[in-house]
Every structure is written in C-alpha cells, then in structure tokens.
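Both of the next two complexes hold chain A, though its partner changes from chain B to chain C.
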Partner chain A sequence: MEKKYAVYVCKGCGIAESVDADKVIAAASSHTKVPKDKFKSHDILCGPEGVAMIKADMAGEGVNAITIAACSWRTKSDEFNFPGCVVSRANIRELVAWSQPPQTEETQALAADYLIMGIVRTQKAELPEPGILPDLNDTIMVIGGGVTGLTAALEAAKAGYDVALVEKEAELGGWAAKLYKEAPGQYPYEKLNEPTVFAKIKEAEANPKIKIFKSTSVEKTDGQPGLYDVTLASNGNTEQIKAGSIVLAAGWKPYDATKLSHLGYGLANVVTNVEFEEIAKKGKITRADGKPARKVAFIQCAGSRDAEHLPYCSHFCCSTSLKQARYVREANGDAMAMIFYKDIRTPGQTELFYKNMQNDPGVMLTKAEVKGVAEEGGKLFVHATDTLLGSAIKVEADMVVLATGIVPATAPFQTWWDGMTEAGKKGDAERNKFTEENPRPDGILNLGYKQGPEVPSLEGGFGFVDSNFLCFQYETRRTGIYAAGCVRQPMTINEAAEDATGAAMKAIQVLDHIAKGQAVHPRAWDLTYPDPMMTRCTSCKRCTEECPFGAIDEDAKGTPFYKINRCRRCGTCMGACPERIVSFKDYNVDMIGSMIKSMEVPEEGLRVICLACENDAYPALDTVGVRKKLKLNPAVRFIPVRCLGSTNLVWVADAFSRGVDGLLLLGCKFGEDYQCHFIKGSELASYRFSKVQETLDRLQLEAERCQMMQVGIDDYSKLPDIIEAFVKKIEDDLGPNPFKGF
Partner chain B sequence: MSEKVLSPDLGFVKDVMKSGGESLKKCYQCATCSVVCNVTPEDNPFPRKEMIQAQWGLKDQLFGNPDIWLCHQCSDCTAYCPRGAKPGEVLNAIRKLSIRKYSKPGFLAAMAGDPRFLIFLLAVPIVILLAILGSLGHLSNIPRGENGEIVYARWMPVPFIDMTFGAAAAFAVLVFVFGIVSYWKDLVRNVDTRRINPSNEIGLGLGAAIKDIFAHRKFQNCNETKARGTSHMFVFYAFIGLAITTTWAIFYLYGHEFLGIQKFAIFNFGESPYPLSDPMKWLANISAIALIVGILMVISNRIKNKEKLGGGSYYDWLLILVIAGIALTGLLSELFRLGNMAGVAYPTYFTHLVLIFFLFAYAPFSKMAHMVYRGTAMVFGKITGRA
Partner chain C sequence: MAEESILVIGGGISGLTVALEAAEAGHDVTIVERNPYLGGRVAQLNKYFPKLCPPLCGLEINYRRVKENGRAKFYTMSEVEKVSAKDGGFDVGIKVNPRYINDKCVACDACAQACPAERSDDFNFGMSKTKAAYLPFEQAFPQRYVIDGKACKGDCGKACEAACKYGAVDLAMKPETVNVKAAAIVVATGWNPYEIAKADNLGFGKVKNVINNVMMERIAAPNGPTEGRILRPSDGKEARKVAFVQCAGSRDENHLPYCSYICCMASLKQVTYLKEQYPDSTATVFYIDIRTPGRYEKFYWKVRDMEGVTLTKGKVAKVEQAAGDDVTVTLEDVLSGKKVQETFDMVVLASGMESALREKPLQLGIKYTGEGLIIPGSLVPGIYAVGSAKSPVDVTKSVQEATGAALKAIYSLAAGGRR
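On to the complex of A and B.
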C-alpha cells in the first residue's frame, strides 16, 4: 500500500489554550520532513465537521495514513474509525493539555514530541490482514458431566453449537447426583431442594446437539482453537473427534479423610459429609449399629483452612452442614445437630439459609477450635477449645460428621508436575528419581503443547486452574480452553451452573473470533497477529518458553512455529526475541524503537521515556489528565505498549544511545494476585530487566536509570508522585546521561 | 483450663422458647448486648454467654449462676440487638424456668406459668372462701354493722382471713426457704470456696444488697427503661406501706382483743373498719394509691415499649394484673363500703380477697418470686463482686 499521509491536530477540549497548534505543526513538520501542507488543525476534530474534513481528504486526495493529535487513543474510537486507513493517535489532551501548565516551552515541546511519535507510528504501521485458518471446526467439547459440564453443554447446545460431552464415570451427574437433597438456592432459602441435576441429565440426553461420551477420558488433545484433534479413550477403545473449543469442567474430589484421624476418622460413626449424604439417602440417620443418631456433631473446616491439609476454604461446606443438620432434625424431632465452626461462611443470600437453620431449636452452633474426636467408654466425644461457651469443652455425640473440603480434579497432576519441575531444576538425575518415586497421575486434557500437558495453575493456587477470579473468569492460560466450576474455585451447585454458562459463552466467543481472524480477550478486536521472519530465527526457543499461553510449539528440528489461534497478541514473543524478528502489522520492535529515536533530546535538562502498559498503567495516566488537578512531570514521554512483556531490550539501547536520561516501565502487578492481562507479561518483563541492569552496569550507566514499577489502574493518584520521584532521583543522584550529544 | 462436659438439652431450649424467649435462636453471638448492658460486671459479662448457654440448653450453667438474676431487664440489650434476639426477654424466660426449678413443687410453678391452669389456681381461694362463708351461713345472710352499715369483718370475720392467708403465707415462706437454700447451694458450687466462701459473708452481702434494692440503684443504670425505676419504686414502697398497714391492723385487732388495749387519741384499737382519721388508714390509702399509680405506670411502660423491647410473657402479665386487681378492688371495696353500695361492695371485696390469696399462696411460683431469687442473687453477687 502506498501511503498518502495526512496529519490532523485538534484544538478542542482545552488543547488550544494549552499549546499553540501552529507551532506544534511547524516543529513536527520540520522534524519528520512531512510537508507542512499535509497538516491541518480543527477546533473540534471529533465533531461532524472535523470528521467530514478527514473523510473529504480520504475521498479527494486518497489520504490513507492518518495521524491524529487529539485526545487519548482510548477515547473516540468510533469517531476516528476510518476503514482502509492506517490511523495513529497522539495523545495531546490527557497527557498534555490536561496535565501540564499551559503555554510553556516544555508543554509545547511535549506536544510536538507526541505528534512526531504519532507520525512515526503511522509511517511504520501497516493495515492488518486477518489471518484465518482453514477448516475450522465449531464443536464445543465439554470435559466433565457434573452440574457444571451439563450446564455448559446445554447452554452451548441451546446457542446452536454441537457439543461433545465427555464424562469419565459410567453415569452423568457427578457429585450432585449423589446428594440426598440440595441446600436451598432461592428465596426464602428455607426448604431443601430435590437434586436438580437429574433434570439436566435428562435434558442433555434428549438434546440431539449433545453427543455424550460416558466412561470416557481424554487421551490426547492436539491442535489449537478451531482445530483441536482429540483422542477419546473408552474401555480400551479410542476414538478421534474434532473440536473448536473446550470447557474444562472436571470438578473435584473430596479431601482424603484418612488424613484426618485426629478428628476421629476411622472410628465407628465418624463420617465425612459425602458419606453422610449416602446415609441420609437411605432414609434414616442411623449409626453403624443401626440405632438412630440423636446427637450429631458437625465439625466444620475438617482439614480445611489448615496449613497441614487444605489451606483454603471450600466455600460450600458450611451450607452443606446446615443442610445436613436439617436431615438430622427432619429425621427425628428430638435429635440435635451440633455445629462446631471456625466461622460460618454462607456467602451471599445463603446467609438466609443459615438464619433459618439457626432458628431451629435443635441446631446448636458454636465457634470452636476442635482439638479432637475420641472414643471413651464406647462413646464418641468432641473436644474443643476457644468456644463461645467460655471454656474448653467436651461433648458427647452419637455421630460425628467431618465437613471436608474439595480438591480440584486438576490438583493431583499439577502437584506432580510442580514437583517434577522443582526436581528438574536440580538436574536430570533428580527429575528421574522424582518420576520413579511418584507415578504420574492421570491428566485431564493431555495437551500436545510444548509447555506441558495441562492448563497451568497459579503458583500457590492449590492446583485450581489459573483463571483470574476477578477480572477474567473462565479464561485459562490456554486460549480456547475455558475452566468452569470447581476446577476454578470451590463453589456451590448454583454457582457452578452460573459459571458453566459463562464458560460456554467464552467457548462460543472464541469460535466466532477465530472465524474472523480476530483475537480473544483481552484484545478481542485485534486483527493483527505475530508474523515472524523465520529465516532469521536461531531456534533459541525463548519465545516458546515465555509465551504465557503456550501458543508456540516446536517442530521436529526444534524450530518454533505459531499455533496462531492460541495467540492472544500480547507481544511477549516480540519482547523476548533477541533477533527481533517478531512483528505485528501495527506494532513491532522497529516502530517503537523509531518512535524513541524520533523525539528531540535536549542538550540541557532531562528527558525520560516511560513505556506504559496499555491495560492498566496508560489508562491510569489518562485518568491523571482527566482529574486535571494532577500534574505529570513534563520531562517524561509516555509510550503505550501492548503489554510490558512485549518490551524488547533493544529499546533500552535505543533510548540510552540517544541520550535519554532515564527509562521507566510501568506494568501490572504480578505474583499471586497478579493483574497482568496476559498473566505473565509484567513478570517476564521484570525478569528481563533484571538482566538488562547488568548490561547497563557494564556500560557504566547506572542501573537505576532503568526501572520497572507495578501499578494498577486505580493508582492514578499516586502516579504523578511515582514519576516525579523517579525523575528527581535521576536529577539529584545520577545527573545527565553521559552519552548525551554523542 | 479443664474441660467442661456439656450436656445439651433440647427440651430446655424448647422450654425457653415457649416461656417468652422464642427469639432465642436468632442470637449470633456478636456480644452487642454485653457491650451496651450497664448492669453487668465487666468480667465475663452477661447476657451474651447466657444466650449461647440457652441455645445449647445448658440449664445447669444458667441456673447455678447469679447472672440471670443480676439482670434487671432494662432491655437495652434488646433495643440494640442487631438480630432481634431480644436477650432481655430470653433471660426473663430463663428466670421463669429457674423459679420452676427452685420453687418446689415444680408443678405449681408450671401451672403458674401456663394460662390453661389459671382457672384452677383461682378456684382454690374461691372454694376456700366460699366454704368459710357457707359454714358461717353468710352466703345467704349478710350481717351488717350496728347502724346497718357495711362491715366486711362481720361478713368475713378477720380471724378466718388471718388463718387462711396466714397458712398461705406460711406455705409460701416455706417454699421460699427451701428454694433459697437450694439455689444458694448451686451458686456456691460454682465458685472456688478456697478463695471466698460466700456462706460466711452473707451478713455483708445482705446489707449491701438491701441498700441497692431500697435505692433501686440498678434500675438507674438502665437507658431504655429508665422510667421503670420509678414505677417499680412506687409498687415496691406501696407494698412496704401495705405490709406495715396489715401488721398495724393485726396489732389493732389482737391488741384490743388479747391485750385489752383501748382506743386512744387517733389510734383506733378494736375491730375494723377504722375511721379515715386513723393514721393507719392514711398510710393504707396512700399506699393503695401509690400501688395503683405504680402498676398503671408499669402497664403503660410495657405497652409503650412493646415493639422495641418485647411485650413480656403471660407470666409477667399475670403478676401485673393480679397486683393491679388487688389495688383496684381494695380501693373500690373501701369506696363502695363508704358509699354503702352493698350490691357491688361484697363481690368486690370477695375478689380482693381471692386475688390477695392468689398473690400470697403462689408467690414462690409466680413472677413474685423474683424478689426472693433476685434478692438472693444480689446478696451472692455482692459477696462475689458481680453485683
């Protein structure tokens, strides 16, 4: 495409009061060599007249490469949407007019630099062409036939998609089918419900769009979204199916109660909550000797919220015990249910069920640290301290129910995998020793991915699938595979059904997007994709190692190649690549490097470049402008990046060789409570930059000149001070870059 | 700390709920009640712990503890309870059950707390009094005074009343004595007697408790029901006044009959009725009016606070209405006698006697017993530093 350039400068929203548009245009024109007559300014560029002016230029002069200096690129995307044109935006409203003192030389220079960088961006960008793979399949495979899986299958089928529902057991229904009753899920949270899962089983079995595979497990999953080749194994036979996306609803297992002998497990009449359901299902609450249980003690958090066992709360055990207390009370009006809890956790409206149960005279509740359950003279006694009853207590019980928590189905393999990885760090011998001593647990997906056969869990996440519970539920670190239900976090039957609906929606969305060559969350609009120049690839495999989504596999020779439908377009590979061969049409190493090199670096005074993550840091900067009262240091030039993971180390050299005095990187929080939209991007950037500081040391440039910080979108009020402190440190402690002027 | 063996009792929980504590199970142990209570000691305060003990049906822990009686039911706790558990009402219900435990025979306490038995309880004095009147032939023939005026003492001779009521009172006292002894033993069992033996300090505790009771000091700490201090004080002193008058009248009658004391000055030794100029009559009438005023204030306060602080149970209202009845029938009997309205005077006087018998004979089983058990708890509380 031959580019015909045009540059538009808006003067509205206070820009004209802040800077002299003509001078900005003059500066940009002389610096970029774009002729002055290609520049136009307008009072309200986003208004109908402004937009009409641009469209007239497109139609009249064939303009197709547009740079707009106005508000932040995060706003007015509809107004400045010009199909068929490369459009770049220079943010001179939020980051200049609204956050700088008006009509100063520095403000003027800042606006000019942003416009120059915008023009360079336009020069380096190309129009995206969607990369659509052929022969896409749009069957949704659901793994797990419990409440979650059934709901996901039904929802997907109702939306018109074919579903393959794979269940390991001989029957559908999962744990929900083993219950005597369900805890109430609707107002007034009073009556117990008959198990709801059977209706779902019936509905799924009757639905022609749902193909059910019982007693079946997934032996192998190869491919990528739209093109999964799945090998199913059932009673020694295998079968190949194709799928477009996957809902992982493999559910959970109860915590192994044999580890709870201190709570009496193993003694007669000490049972788990799962076993108690079976007793209740028989119709009578009886002891092992057949006598009715009149005094039933429920011990909450049995092996949960306990560093020795499961450190987390399993979320539903409190309502389960309250429900089972109702079994006890309904079976016998003279029976008592005594509940010993750490604290009752009945989230949301379930609180009403707790209140209802509490009102039952035969339900006795106390906070307690249960010290043990022991047999004494043929009777069971619960021993507890720290109770609301004022002292250490001992209570006789006919039967003790341990409210055990859940272990996600993904945990056994993840634990093994982590152990093996850890052992592998000490060498192959250690790894082999580990694998000999610890047999490999069955996987669920058995992915043919370079980065491992299962969806990763968060470090310290107890084997639950890594799926940011706040910002992007269902998303896993494997595009096209969406986790729902108790593999994600402990939840109730109702919550699992809701979760399944959400995951089904994501599974549908990915099929829709890959069919258009579009990315999925969090760059769902993006038509670009990484396009490496493979002739220069050295097969160093950094990209395959670092891709947070396992999008890059290796061929037999060890050469990386992209499974593009797995890619989320974060650019982490672009940042990782030492050969700098990974490019997107509108985002590449050369583009950002050229933008850095294009700006004026003054002989006097400081110049700092800040690469800011588009997802959190840059919006926070915009908010600084929107608040208007906050001011940003005028020496800093902000450049948005897709993710801090995409920052290539060559940009550091680009900046410092130009005489820039400092480089600040603003990325998302990483670690256990990460906020990185690409999960690993900011963490990888941090790792990378810990290495670059060694290089800077060798260049005799102070390591402190380059710094990375973690900020959240809500940190806008702190940002001006953070930036000010960084600039001041350079000014006071380090002085100007010695390479300045070379 | 040694382990306490708990014996949860569902029957007791149900009893508390039936006795006016139906909100018991709502308590979720936030302890707002103990924080707002101005009567509780700071150490191990009530009523939070009583609420969970009652929820678990731990009756022995509740009964063998002075705290349920140290509570004066200000109802500050009830007003501030975020869950509507009404600790004031619950403790009141527990007190009722405590009376049932210590005032033997227990069936009488059970009857006193159950509206179904009211008719039987009333029948006892009615039958006794009718039997007396019948045996004297006074049911058909009502003897009048010398000038044809109404003289209740001629109809129902005072010695008969004294015998009957004296016996009822003696029964009540006996029950109380056994009740106090048994309660005291339970209280002492739960303290470390090596540190302090409450039984050796009774004199000390009694003095301090009486001071508090006469000054109504505990009531003054109430916020929500401050007015109750005044109404209770009216009723309390009216009862003392009426007790003095009764003794005084006995003295007039038997002093004249057995000691031969004659009228002198304004003191009318001899048979009733006594003229209004007699100082005993002044005290009697003032006390009666105080009782009416006091009990009306009690009723009005209770009605006013019903929504916020709980309306009280049958058990509470029975005592209130009996006292109100006694005061009203007493005063009306006097007025009808003075007005010579025989048609209403005799039935009113009869009712008055029935109600007084009711109050005396059933005192250990009705809410009237609170004076004795709360008194005991306050003495114990003074000794152990909880009151």
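On to the complex of A and C.
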C-alpha cells in the first residue's frame, strides 16, 4: 500500500505541562523529514473531537499510516483503533509526562525521541496479509480411548467436527472400564456410581462423526496443524489418515507394584487398588484362598509422595480407597476397612464423601507412617508408627490393598529422552552407551519434528505434559496438540472429563484460526507470520534449534523451512538469525534497528536503550508512570519488544555504533518456573547476550554495558532503582561510549 | 447484541477464560461483572502457587485478548437482574450501576486529588482508604476511575467534576437496565472469603493481628496497603513469627462442610512470602491434613523443608490476644496428644471459599447446596456453571472447566439456541 502519513500529538493528561508539544513536533519533523504539515496536536486526542479529527484525515486525505504520541499503547485501544491503517503509538504520557520532571531539556528530548521512534515504526510496518495454507483438514485426532479421549471425541463431534479416535488396546474405556464402581462425583457425595464410561463408549460407537481405531497406535505424525499426515499401525498393517489438530489423552499406568515389596506386594492377599477393583467386580471380596476378607487394610500413598518412587501425589487414591472401603462394607456388614494415610486428600466437595465414610463405624482411619507389611505365621500384619492410635502399632489384616499411584503414559519416553539428552551433553560416546543400555520406549505421537518426537514435558515435571502456565492450561510447546487428562496431571474421572472438553475446545479453535491465517494463543489476533528471505539463508540452523515450538524443520539439504501453522509469532527466529532475514509485516529487525538508529544521541551525557518485554516489563514501566510519584532515569529510551527472544544481536551493534552508552534488556524470569509465555525468550536473549559480551570485549567495549535482567510485571516499585543502578554503573565505572561521535 | 451470543456472569479468571475462549473461536460474548474492573479474585492475589508468578502477568494477556479480539464485550459494576427463557434462548436484564465516570476518563487522577471524601478500600479488605473517586488498583482494566456513590457526600460542590478536564465525571448517572438476548449462559460468579468472624474461637475481628488469607495476599502485594511489606495491622510491626491456621471455617459442620481446595497451597505459598522477606522468620502451620494434590506435592516438600517452618497436625481451639498485641494460639497436637500453646506476632486464618451466590442466588431454576454452591445436575440446557460457583477449585481447575464450558456454550449456539 502507498502510505499517507499523519502524526498526532496529544497534549492532554499533563503532556502539555510536561513538554512543549510544538518543539517536540519541530524536532521530530526535522529529524524524520516528515513535513511539518503532517503533524497535528490536540488537547484531548482520545476524546470524540480528537478521534474525529483523525477519522476526517483518513476520509479526506486518505491518511493510512498514523503515528500517535499520547498514552501507552496499552490504553485507549478502542479509541485509537483505525482498521485499514498502520498505527504506531509513542508513549509520551506514562514514560514522559508521568515519570519525568516537567519542562526540562531532557524531558523534551525524551518525548522527541519517542515520537521519532514511533514515526520510524510506522514507516517500517505494513498491514498484515494472512498466510493461509491450502487443503486444510479439520478432523480432530484423539489419542486414547479412555474416559478422557472418549469425552474429547464426543464433545468435538457434538460441535460438528469429525474425529479419529485412536486406542491402542482392543477395547475402548481405559482404566475407567475396569472399575467396579465410581466414587461419588455429585452432591451430596454419598452414593457410589455405576461406571459412566460404558455409556460414552456406546455413544461414541454410534456417532457417525467419530471414526474409531482400536488396537491401533500412532506410528508417525508428520506435518503441522491443519495438515497432519498420520500413520496408524494396527496388527502389522498401516494406514494413513489426515488430521487438523490433536488431543493427546493417552492416560496413565499404575505404578509398578513389584517395586513395593517392602509393603508386601508379592505376598498372597496383598493387592493393588487396580487389582482390588477386579476382585470387587466379581461380586465378593475374597482372599486368594476363597475365604471372605473381613479385615481389609488400605495403605495410602503406596509409591506416591515418596522420594524413592513417585515424588508427587496421585490425587485420586484417597477417594478410591474410601470407595473401596465402601465395597468392603457393602459386601459384608461385619467386615472392617482400615485406612492408613499420610494425609487424607479429598479436596473440594469430595470432603463430603470422606465425612460420610468417617461416619461408618466399620471404617477405621488413621494417620500413619507405614513401615512395612509382613507375613507372620500365615497372617498378614501392617506395621506402622506415628499413628493416632499409638506410636508403634501392628495390625492384622485378611487382605492389604496398596493404593498405588499413577505414571503418565508420556513418562517412560520422556525419561528416556531426558537421559539420552543428558548423556549426549558428555559426547556421542556417552549418548551411544546410554541408548545401548536403555532400549527406547515406544513414543505416543512420534512426531516428525526436528526438535524431537513427543510433546516436551516440563522441566522437573515427572513426565507429565502439562502446561507451564497456570492461567493458560492448554499451552503446550507443540501448537495444535492439546493434552488432557492424566498425561497432564493426576486427576479424577470427573476432572478428566472436564479437562477433555477444554482440550477439545482448543483443538477446535486452532482449526478455526489456521483457516483464517491467524496465530493461536498468546497472540491469537495476529495475522502476520514470519516471512524469511530464504535466498540469503546460510542454513546455520539456529532458528530450527531455538524455535520454542518446533515450527521450523529442515529439508533434505539441511535448509530450514517453516511449518507456519506451528508458529506462535514470538519472533525467536527473527532474533536468532545472524543474517537478519526473518521479518513480520509489522515487526522486524530493520524496524527496531532503525528505531534505535533514529534517536538523537547526545555528545555530552549518557544515552541508554532498554528493550522491554511487552507483556511484563513494559506494563510494569507503565505502572511506574501511573503511580506518578516515581521517576525513571531520563537518559533511558524504552522500546517494547514482542518477546526478548526476538532480540537480534545486530541491534547491539546498531546501538553501540551510534554511540549509545548502555543496553539493558528487561525480560521474564527463566529457569524451571519460567514465566516467558513464549517459553524461552528471555533465556535465549540472555544466552545470546553472553556471546555478545565476547564481541564487546574485542571491541574494547566493556561487557557490562550490556545487561539482561529478569523482572516481573509486579516489579514496578523496584524498576526505577534497577534502571538507575544500571545507568549509574555506566556513568561511574565505564564512562561514555568511546565510539560516541564517530 | 447479536442473538447468537453467550452471556458470562462473572469476569474473574473463570469468566474471562470462558469469554475469551469463545470469542477467539469467533463468537460474541457479553461479560457481566459486579466489580468496576475485570479479573476478579485473582487480581487481588500477590502470587500464584506453585510457580510464585504474579497473576497480573496472565491478566495482562487476558486484558489484551479482550482489547484485540473485540468480540468479548463487558459490563462492569453490573449484575444480572432478571432472566427469562424465550425462543430457545434467554432474555437477560442487566442492571448497570452508575460509575459516575464515563469512558472519556483518561485515568489522570485529577478527580481523586480534588475529592475530599474517603472510603474504605474494599480491594484491600479495608486495610487502607481511597478517595471516593478512585482507581480500584493501578493495573485495573478498564483503566477508568470510579466514584463510590455511598462515600461521595455530594457536599463539596462537585469538586471532581470541576477538576476533570475531559468531561468524564457525570454525577447524574443513574442505574440503567440493559437487555440482551443470549443463547447460552455461563455462571462464573466465583467466591468470597468465608466470614470467619462467625467462628468465635478464632478471634477474627476481635483479636488484633488476626487476619484472613486474602488479607495476607494484599499485605504481601506490592500494590497493597503496605506496598508489599509484611507488617501486622495493629501497630505496623514487622510480622516475623506467624501462625497459619488451616481449615478456618472449612471442613467444619458449623461453617463450611467442604474443603476449600486452595487453602493448604495458599498458606504454604504465604509462608514463602514471609521467608523471602524475613529469612530469619518462623512460620507455623496448624493443619488437619495437608492437601497438596498432584504435582503440588513438590511445592509442599520445598516449603516443609525450609528452615523455621513447622507443621503441626491439630485443629486450633482458641485464638486470643496476648501482651503487646501478640496473639496466642491453643490447640491439641493430635500426634503427640499434647496441648500446644504458642504466641505469635500475627495469625493468618486460612478462611475458606464461599460461593458468591450464597447471599443472592440466581434463579434460573438452579438448585444449590446448603452453602450456595450450584448443583450442576440441576442446570437446564443452555446454562452452565464453572469454577468456584459450583465447587471450590484453584486457578488451574477453573481455567480447565472454563475452557470446556466455552465449547458447551458454543454448541448451544450452533443448534440455534437452547437445546
């Protein structure tokens, strides 16, 4: 499009009291060569008259490239929404009028720089043109035919989508189909329920929108959202299907009870909670010798909450044992159930079921550290300490039920993969040794992704493929693939069904978005996409390695190519590329570089540039302004970046060659509990900066001139001091950039 | 408003999630929120467990989703006044209470500076004051001031109106009723902290320096009444020896019979606030059972193993004033069988969650438990309930339920309305 520029400067909210708007305009005009008659100021730009003025210019003069110097881009977005126009905002309210002393030369220069950078941003941005790939498929593949997978399939089908439901066992239903009864899931949490899964199986089998593949596993998943090519394997035969998105509901396995011999597993009449369901299903609670079990002991956390076994809580075992205690009591009025627990965990209203069971005189509950289960003279005894009944007790039982926990289906492969990766850090020989000694477990998705065949689990997440984001539960690092049920977290049947519905929602949403050429969370509105100039690609592979979402594969020659429907628009590839060939229509290396190069660098006095994460650090800076009582150092120019991962090292050269004295990066916390919503942005920026410091050393520029700091959105009260300290360090210890003026 | 829209009652983390997931799938949504801002209860929290990340971070993303998407409309300071089933959908009357500040507001603070009247700050549970013209909190969305009609005496000659250069103050605003048609309704009304003053023995409201867990969040929050310094209310002394009393009202037939789900993790999280601020501080958690389900166990172990942290199993019998505004807690340690009596700088009651609908239930043919929780089986087609309106849950479960409810609401639309 041919751009018709206009620049608007607001004088409201204390801006006119803080700076001389005419002088700001004069400075910006002379610096950017945008003629002065393209600039207008207004007392209240966001008010009806101000907005009408802009709209009149759009209608009358065809203005379509607008720079607005006013409040932060985070505010008044409805008022300054001009469809069909490129709009940039220069923040001269929060970061100037509200956080600087009024009417000083420095404040004036700051406002002028923000306006100049805003104009450059408008010059370098284009309207988005969505990239929509052809031949999109909108079948949802659900892996796992247990209660989670069945629910996801049914919910997606109800919403009108075709589903391919893949179950590796011969029958649908998973563990839920092996239960005698279900624990109460509804108020008043009194009665046990008949298993609900069979109705779902029937419904799924009768639904023409759901194609069911039993005894089938996924041999290969190639492609990207909307264009998955899946190879299914069943009894030695393979079949190709197409899918648009995937729900990963592969479920769980009981923890291997043979590792629990200290709790008596292996002895007659010591069974797991899963085995006990089978016993109960037969109608009578009997021992191996056929005699009725009158005293049944339940040992909670058998393997769970145990550093030697599963360090997590398996969540549903408490209500499962309470339920099984009811089996014991219902089978035989004289029978007694004894539950030995660390803590009874019946969160929420499941507490009501616990209370019901406590009221049953045939159910004995005690907190205990179970030391062991042993057979003495043909009888079973539970040994425990620290109980409510005494410090050391020994209780006889006809039968012992171990409340074994769960292992997510994703754990075996993930554990192996992590082990191999770890060994690989020590060299190829170590890696080969590892793979020889440890056979590769079966994968579930077997993705044809350069970055590995499964959805990466969380660091320290015990193989669960959970979201790292508490407030965004369906975020995985593989776009279009949504985990649900016990592969994410231990959960009950009801919870798994709810979770499955959520995952189905996300699987539907991604199909809708890619059909419109739109990104998905956390930039769901974004119609742009990375568009690399491949003729200049050197196949260095940094983008393929660094992309947090595995969106970039390599062709046979090793040249990277984008699977754009996997992309989340974080710009990490743009930051990684040494050739600077990756660009978005509205965000690119040249844009930020030009903004950096556009600002006035004084010969006297310091100039510092701060690149700030637009979701966390920048809003925190805005809050500094909103508080009004805090001041930001006037030598610093803040530039919002989409994610620190998009920080390209050329910007460092752009800044220092211009004589800038310091460069500060403000990004999110990284490490195990990382807060970056693009997974690794700040961590990658930090890594890249560690490399740039070597370069700076060679240029005899001190490495301390560049610094990356981890801050949160709630660090507003600390930020002014953090920034002040950085500037002061340059001022006191390093002095001006020696390249200044060159 | 289009006929094919979804009405979400409540703009907290559950309601926002329902609305945004549906909006991002291309559907029109209307949020009705009683507060002057979106974000609900989580906006008041300092950190989320177990990551200890600021809730504002996720809210910032959600606020941006609202702005960028455009399909999720919202009414703040509003409540659903009446609902009737009509033509396979619902006619909904929304009462919009006067904010006395219109959308010309730029959040410049001039009205607050001019305002002579003060009010107790409900966002900080009364631990601070604001002017009658105020911004609920610095990051509030929408970023627009409010005038508290009850606190404004109207005897200052309309100082706020005179101070506002933007024509944003409108003291003549009246409550309005807006009628919308909805094909589906999602109830996401959330929770209030249980009124723990009803438990006489726990001293809340009578014994100085006994606070509840949501107050502790505000005290620890950098935008709270003490700007994040953990100071006890009576004299501003640093609270270095703190007791956390679990199940304050929860798991108690006289109060809330259920477990409030979040309090164990919340107290453990609050122990980390204390330990981070005062490394030599001591924290004692009095509990019945420590409930840290699933992978939360890891967080429990981390806090349990911190120096200066003690966990004692037992139900607190009494909380009393001691000398110098300190607080004495009495209970029986059930494992040792011994009576424990110990004095603290401050006591935090892990008061439970009570359905926000308990006081004023929505009709809609919904059945409730004795504590005002929605019984999901009683919901008629086209109406869904999520989050703590139906059972106490944490943020993760709220988000899971909300995402699923968005889908259910959407296929109510696909069928042309209520099925």
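Everything below uses one rule, namely that the second predicted complex is superposed on the first by the 734 of 742 C-alpha atoms of A that agree within 3 Å, B and C clash if a C-alpha of one lies under 4 Å from a C-alpha of the other, contacts with A are read in each partner's own complex, and residues count from 1 in each chain.
We adopt the following convention: contacts are C-beta pairs under 8 Å (C-beta built on N, C-alpha and C of every residue); 3 or more make two chains touch, one makes a residue touch a chain.
Computed from a predicted structure; not experimentally measured.
Overlap between chain B and chain C is detected when the two structures are superposed via chain A.
Once the two complexes are overlaid on the shared chain, A:466 sits against chain C while remaining clear of chain B.
With both complexes placed on chain A, chain A has more residues touched by C than by the other of chain B and chain C. In the superposition on chain A, A:389 makes contact with chain B only, not with chain C.
In the overlay built on the shared chain, the residue A:305 is in contact with chain C alone; chain B does not reach it.
Contacts of A:267 after superposition: neither chain B nor chain C is touched. By the touch criterion stated above, A:367 is placed in contact with chain B and with chain C alike.
Residue contacts after overlaying the shared chain place A:623 against chain C, while chain B stays out of touching range.
Contact with neither chain B nor chain C is seen for A:177 once the two complexes are overlaid on the shared chain.
When both complexes are overlaid on chain A, the residue A:338 reaches chain B alone and has no touch with chain C. In the superposition on chain A, contact is made by A:490 with chain C only, not with chain B. Here chain C runs into chain B after the superposition, and of 39-47, 165-173 or 309-317 the stretch doing so is 309-317.
In the three-chain superposition model, chain A touches both chain B and chain C at residues 355, 367, 388.
Touching chain A in their complex are the following residues of chain B: 1-8, 10, 13-14, 17, 24-26, 28-29, 44, 49, 52-53, 55-58. Residues of chain A touching chain B in their complex: 295, 334, 336, 338, 355, 358-367, 383, 385, 388-396. Within the complex formed with chain A, the chain C residues making contact are 13, 17, 21, 24-26, 42, 46, 48, 51-62, 64-65, 67-69, 104, 106-109, 138-139, 143, 165-167, 221-223, 227-228, 251, 257-261, 289-298, 301, 313, 334-335, 369, 373, 375-377, 391-393, 395-397, 399-408, 410-411, 414. Listed in rising order, the residues of chain A touching chain C in the complex are 12-14, 44, 46-48, 71, 74-78, 155, 158-160, 186-188, 305, 311-315, 343-352, 355, 367, 386, 388, 460-462, 464, 466, 468-474, 489-491, 495, 498-506, 508-509, 512-513, 521-522, 524-525, 615-616, 619, 623, 626-628, 668-669, 673, 675, 677, 712-717.
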